[in-house]
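Take a look at the structure set out below.
Lettered A, B and C in written order, each chain numbered from 1.
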Amino acid sequence: MLEPPVTEQHSLPLGFVRGEPMFDRPDDLYIPPEALELMLEAFSGPMDLLLYLIRRQKMDILDLPILPITKQYMEYVELMHELKLELAADYLVMAAMLAEIKSRLLLPQLASEEDEELDPRAELIRRLREYEVVREGAQQLDHQPQQERDFFVGSAFTDAQDIAAQEPPAVTLADLSLALARVMQLVKAQAHHQVMREALSTRERMSRVLERLSQVKRLDFVELFDVSEGKAGVVVSFLAILELNKEGLIRLIQAEAYSVIYVSRYEQLAQEETPAL
Amino acid sequence: MISDKQLKQIVEAAIFAAEQAVTVDQLLSGALANFSLNRPRIRQVLDQLQDDYRERGVQLVEVASGFRFQTRAELGPALANMWPERAPRYSAALLETLALIAWRQPTTRGEIEAIRGVSVSTQIMRTLQERGWVKVVGHKEVPGRPALFATTKEFLDYFSLQSVADIPALAEPPEPDTRERDMIEVLNSENGTN
Amino acid sequence: MISDKQLKQIVEAAIFAAEQAVTVDQLLSGALANFSLNRPRIRQVLDQLQDDYRERGVQLVEVASGFRFQTRAELGPALANMWPERAPRYSAALLETLALIAWRQPTTRGEIEAIRGVSVSTQIMRTLQERGWVKVVGHKEVPGRPALFATTKEFLDYFSLQSVADIPALAEPPEPDTRERDMIEVLNSENGTN
């Protein structure tokens, strides 16, 4: 049990005891309690300790030397027990397993000793091999470049999100409808504006007439009517023209009785009458 | 000693990795703490980096709080597509203004303000026009010649409407007494039609 | 049409500006949505960018969830001086648990404990999930219906991996007889790893 330590396995110190780096678990009979504590913390569990003991024997897991390993393992566990280390319970489960395997190996061998299935060590060997993969994987993972330890993700400031925020928001008809209901309530409360469904299409038609007049100087009155809209449409146009006239937004001109009635925007006419500056 | 190349790499990486703009002092006391370097040398490296990135998609800029990399200004619209669902909602004031214009068009800003009882912000009027929902169809011949606003065909198309009269809230007939009075008002409108 | 130079600038800026790694598809449907481009052309631009940055302080790297710029690994120690609080250290127990989940996923806490020979601390499982490295992808149909854990793309990204197979020890799948795959019902089939 005083084998030379296998230092290649752990190039980093396990820890520091009174400022001195510890590169391997001490194999001396005397282990300072604080060193042992540190040492046991360096094992991630009983499988790790077991694997370490096997490696220290320079043995293959497949030849699991159960007798010496069990002996050494028990010594560690007893030390842990004395130190009342918290992890002891998990280590005791392993100790019981090792003891069971040992006792089965000590029983007289039956004829089929070649059969691996009956080797009481088989299950433990399988678990050790699996654990070895995991431990190796964990070490390789630790050697991978890690974000915030070995590298940082680069980023650049951008105003693109603000531009994205300028994308026009969507509005539903329900939103608009609600807004309209609110303003209609307001108008009702004020009670001096007309609240009329029909007025709406009239007002809209007023806009269209004004819009057309913004492109041409004047229009023949009849051009403002579209017979294909039917009687209702003609009435709406007529009401719109009357309302525009009433509001002083357009002017209706008829040179003589029964001649063509022209419609023009009030302002355009005003401009015509005033000499250009 | 540190080579120019290494120094440039560290400065570049530190600025890219930082969440905020980085000052020369932060570089000197942070990433470059193990080298004895002076401020002019760092400035020089920053100048070189600015040159290196001049034609690239990101650029090294000095802002009030230090140096940072930022995306080229011209790329903003293309990059904005990376964040598609950012659009905020319109305010109630904007929607009410829109509804009022739809309803009372052609109308002036003054009339809208009179009904809503608050002033209508220029921003709202600009937004509605930029969106193509509202436009100026003329001017009212009163002092100041205020613009007359009306809704557009784009507005109707956006809401799949044939006419503003199709806006659901309008389908609700007003209370009879109001309706009657309004009817009279329309019919009485000046030259005594019908 | 878009010039090679413009295209490269947009791709470069988009990757730098994004908060996460960016895939070719995200580029095509986002920043490049207004151009008709195909995947090979984008790949080519990405290759060029990788070349451009080969000697720089940041590099264009492909990780599990896409492309991102990250600082050169050699600069880690210098950069760590800028943000000493950012660099966490992970215990052997945590790394072993993580390696085990990566290797045998989807797997239960019970299986992890059986292999490691120790009880897995709740703290470790919580840390792994809070970091977004491990998530529950379903439940095993055995009494108690224990949660099945799997690793995520974030895990791969954090360790600069494209797949678990990039870790040599974990590249070989576990022996089939130990897996009892047929008993496992993965509710969430896409865990995006491996």
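What we mean here is this: a contact is a pair of C-beta atoms (placed from the backbone, for glycine too) under 8 Å apart; a residue touches a chain by one contact, two chains touch by 3 or more.
Because the structure is predicted, anything quoted here is derived from the model rather than measured.
Farthest from chain B in terms of Cα centroid separation is C.
In terms of C-beta pairs in contact, A-B outnumbers the other of A-B and A-C. Among the chains in view, A has its Cα centre nearest the centre of the complete protein Cα set. With centres set at the average Cα position, the gap from chain B to chain C is 37 Å. Chain B has its Cα centroid 27 Å from the Cα centroid of chain A. Note: centroid distance chain A to chain C, computed from Cα atoms, is 13 Å.
Residue positions of chain A with contacts to 2 or more other chains are 152-156, 158, 160. Residue positions of chain C with contacts to 2 or more other chains are 13, 16-17, 58, 69, 71-72, 75, 79, 83.
Those residues of chain B that touch chain C in the complex are listed here as 5, 8-14, 16-18, 26, 30-34, 55-58, 69, 71-72, 75, 78-79, 81-82, 84.
Residue ranges on chain A touching chain B, taken from their complex, read 152-161, 163-171, 173-184, 186-188, 190, 193-204, 206-208, 210-211, 213-214, 238-239, 242-243, 245-249, 265-267, 270.
Listed in rising order, the residues of chain C touching chain A in the complex are 13, 16-17, 19, 58, 68-73, 75-76, 79-80, 83, 86-93, 95-96, 98-100, 102-103, 114-119, 157-161, 167-170, 172, 174, 178.
Listed in rising order, the residues of chain A touching chain C in the complex are 42, 44-48, 50, 87, 90, 93-94, 126-127, 130-131, 133-142, 144-156, 158, 160.
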